[in-house]
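You will see two complexes here that share chain A, one where it goes with chain B and one where it goes with chain C.
Entry: the complex of A and B
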């Protein structure tokens, strides 16, 4: 969780700074000067070999034309120029953005509503309460693969659960996964189903951090429920809202399994996400240079969102 | 006025309960459907309207899964990879976190910022060169390709460091005065004191490994090396419509994570709210 890490970062520096120089001497001996590096070594060995090195080598690769086993040749920014002219890339970017927007503007408010509902819930017993919590958490710990397989059955046109329900209440049966108009909606629904519970638990934690006295004070001052919510609860909830929204956006831009397994990007690219496009370019067409450029475009989106989160978080908690 | 308020409160409560029950119903439904489908023969599975409770328990899907697919092997692979990656990741994260929390060294802040910067780095950035690396090392279709490269997770260092900051320096200093070596202090003092954060990390890393899909998809091509996540979707395709077996496998593959979750609910929720399992 970014905000906490950020807090800890500052706190930690303050804690170690005053004793900084003397700390080493106090422990004495030569071995304590080498000790921190030895403790860091295993992690950073793996980290630099398998994370840093490939990340930089991907940057270099993205400036090259490197297809399959051909000798790569330097082409400067051509791969990036190609990105903004590539219809399929732009299409994938649009699809992914539509999904991300749905996560932000549909999923997040719904999760807040559920959190508010939980707050007003009279839970008869502790067992029941933990049953609710488990059920809300379940989708989040279920693998995307299982979720995709489950929903391929739920959405099945001929014998799926959803169409069976639609038929029984007299609604028309729909081709959820194979119709260009509905496929993206189906993916969005699966996304909501997956994240609603965990996001509402985030919101619930945020709501529980708001002191009760504030709501009571507002009520005594004559504010009604709506006003209390708008002018007391919502402003105090801003850090949580920000966290949920940014996490949802970052996850959205990295989603792969659901569209890949549920619709395989189809029909006619209606649910082609950036991740799947990268996978196809890199591992079916073996256009490695171009795939690296797509990867970097995705990293830029994620870095941008993280920076926005950090900056806004500072402002909200000042 | 007060009576009116009470009535309004009551209304909100009823409304809240209704919303929550609906959400829980919708959440549970697909799971029930999955389990029930796993106990249905084909003709019952493909009939509409869907019956959530099957007429009788049909074990054919499980027979098929265990007898005619590599499911057991996939399951073993997933357990082996998950446990190995978890142990490795926990040990190296805790060591690095200890260095950041309790030592001063050159470039400390620089290294920490580096970790921060790569915290949300998507695997897509480096997947192409990382795959080439696996090919060069001859590691495709091997366990090590799934265990080693993804073992260095910045989030583990953060969690460990944060936790270890709360351990007083005096304990370590007095051990040093007593002549304990740094390595001994780590294993005999730090590790036992870090049980809670170790549990959180273990859950986090095991779940991430168990649910991993794109990396196994890229580096594994041999059926017998597949993980559960990679293998299950291969049972439905143009040439096979074994939905019942797929649902049986999906159900069984969710069970281990569910058991860990039920046993360690509190830590689990802590772990997941502190670091993202998915993505």
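Entry: the complex of A and C
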């Protein structure tokens, strides 16, 4: 058979080119084996430099005493032991967990309710649904700085939107951001405003994947809306619920900008989150080793909670 | 024989390339510092546009260009937190730091943690001018263990300012001789909508000023925590009582991300909800800029007597220029600092641009600083500042200064000013926290 000659004038018979054992290996063949790796190289270079290296470097740093510019020295697990004795760390952990619980048990059900409302009879027009989808996504893509500035005005005690409303209906004014009792609630409310829309979209996508036939079959079998939701919709939404809950948990343990900008962790640490405490230890106290240990503790907590959620999911889907 | 590029080979080659690039990168940095250097291209980092303009004026001045006309300086402005964090990171990593940097007074403590200070000592260089400056304002905040690491230009003497028109209408005898007089006057003019002072509960500044006025500071000369000194407790109790006992003050309308003078704070002065304040020149400049319609109605005086040792003033705020150990040309860097901070031309530029009263004494010979200030009722405010500047208390720096003031704000100022903690208990309780912080250094 006459080998096909390509435009570059090189043999193009794939059966005889690489691995032919003829000793006539051509540069084109060699290049073809290296090419995929070369295409991948930029990614691996960036990934190794900016993700893998810092990840392992931070792990190593967490086993060291590295304060300010002093030469770091290996101290084993001392930084991790210090975590459980550090009252501020434990306080920040409690605050972060409270926020994570609010994300899971308040934000996620609300998002599901909004998704159901958009999909159901409440928003019948297709155009209106598109409008809702866009407007729900907007808070998620708004800069945290803008959100914080906006809510600092909303929560302002003297001329804020919320207190103006309270005044107009005869309710007492509240010191939203400067009361130890209310500051965390304020942060949770901002979190709900920011993430409600995008979580609703996740649920909407999940709901769209449920075949109509199943709902129709349930209706034919005599199931009302509540039963259809409980026994058809909800079980089929489990993967979406799992995704929403896992990402809500992870985001909660990474929360930094909103409390930092709105309350700066105050008043008196009432809204101190783990990420801000890490920042304080790392950049204010300049205790890099301990800050790395805090970072790893946050990662371990997120991984642990994700595994627990996955196991629970498997158990309930059996 | 055919040689395929295996996955392992690819990873080896990639790893080798990365390691090579890293080594080359390291090899490419370094130089300068205490050993000197003659780089013609320098970098300056700042966080405030006004201050960077002040540095630029120093760069363009005759004092600098006559010596280093061939040196180019790139000026960069970064946000406050980011600039200090990046500077620290660059100094730890050994590369990427600028030649000269502005370091704010409350962030300097971070640069003296540990055994090695990554800034160049300036004591020798400044020795000729040391008698020409108000040390507590110009160099003390950037000094540590006998060495000077930075130079500031601002004389941040604290004075009291008040609305003369309102107080005179109320029949108050001015100026105030004692704090008791202030309290009586405050009770005279205070109503549900108007108070004498706005006291901060999210910032430590009011306590910091009053404790110095009372004769003490957060750290003693050996760097030990001194916040539980009886004079400090008296100052904290005094601020608390202004709000809750004498009822002549309210909590300042501020917020966490702008905890000193946000728009609502200045708006409350515009609305005459508060009619007096105490603070340094930069604080009073907010009134000139943001409450212009009250020009001529204000007056200023030294702090009244009756609190601790009753020093006539205190020191609050400031930013100093420092040379990093990575500087490629320390001599040119020093020339810039000198031209900006230690010449009449340099400091008068900042006075004219930002009303920054100079810490450089010879500048007070200039007529511009002897002019009556129209906003503050024609008072020769420059004269007042220079008269009381010799009474400025020494500034005692500490590596745990930023952490201590954060803890103070969290554990003392906010709870005490919200009437949820006792001043003495809170300040004594802070001692253990600060000692823990010091142990970790």
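Rule of thumb we're sticking to: the second predicted complex is superposed on the first by the 265 of 318 C-alpha atoms of A that agree within 3 Å, B and C clash if a C-alpha of one lies under 4 Å from a C-alpha of the other, contacts with A are read in each partner's own complex, and residues count from 1 in each chain.
Quick note on the criterion: contacts are C-beta pairs under 8 Å (C-beta built on N, C-alpha and C of every residue); 3 or more make two chains touch, one makes a residue touch a chain.
Worth saying up front: this structure is predicted, and the values here are computed from it rather than measured.
After superposition onto chain A, partners chain B and chain C are found to clash with each other. Of the two partner chains placed by superposition, only chain C is touched by A:263; chain B is not.
In the superposed pair of complexes, A:39 makes contact with chain B only, with no contact to chain C. Residue contacts after overlaying the shared chain place A:280 against chain C, while chain B stays out of touching range.
Looking at the shared chain after the overlay, A:67 reaches chain C, while chain B stays out of its contact range.
Of the two partner chains placed by superposition, chain B and chain C are both touched by A:152. Residue contacts after overlaying the shared chain place A:57 against chain B, while chain C stays out of touching range. Set side by side, chain B and chain C differ in how many residues of chain A they touch, and the one touching more is B.
Contacts of A:291 after superposition: chain B is touched, whereas chain C is not reached. Superposing on chain A, the segment of chain B with clashing C-alpha atoms against chain C, chosen from 163-171, 181-189, 235-243 or 271-279, turns out to be 235-243. The intersection of chain A residues touching chain B with those touching chain C, taken from the two complexes, comprises 21, 33, 37, 44, 148, 152, 158-159, 261, 283, 288. By the touch criterion given at the top, residues 18-19, 21, 25, 30, 33-34, 37, 41, 44-45, 48-49, 67-70, 148, 152, 156-159, 177-178, 261-269, 280, 283-288 of chain A touch chain C in their complex.
Taken together, the chain C residues at the contact with chain A in this complex read 2-5, 7, 10, 14-15, 17-18, 81, 84-85, 88, 91-92, 110, 113-118, 201-202, 253, 255-257, 259, 264, 399, 402-403, 406, 409-411, 414-415, 418, 437, 440-441. Contacts from chain A toward chain B in the complex involve residues 1-2, 4-5, 8-9, 11-13, 15-16, 20-21, 23-24, 26-28, 31-33, 35-40, 42-44, 46-47, 50-55, 57-58, 61, 113-114, 116-122, 130, 132-146, 148-154, 158-161, 163-165, 167-168, 193, 196-198, 200-202, 205, 225, 247, 250-251, 253-254, 256-257, 261, 274-275, 278-279, 282-283, 288, 291-292, 294-296, 298-299, 302-303, 305-306. Listing the residues of chain B that touch chain A in their complex gives 8, 12-13, 15-17, 19-20, 23-24, 26-31, 33-34, 37, 45-50, 91-93, 95-96, 98-101, 103-105, 109, 111-112, 116-122, 124-133, 148-152, 154, 157-158, 161-162, 165, 173, 176, 181-182, 186, 207, 210-211, 213-214, 217-218, 229-230, 232-233, 236, 243, 246-247, 250, 253-254, 257-258, 261-262, 265, 268-269, 272-279.
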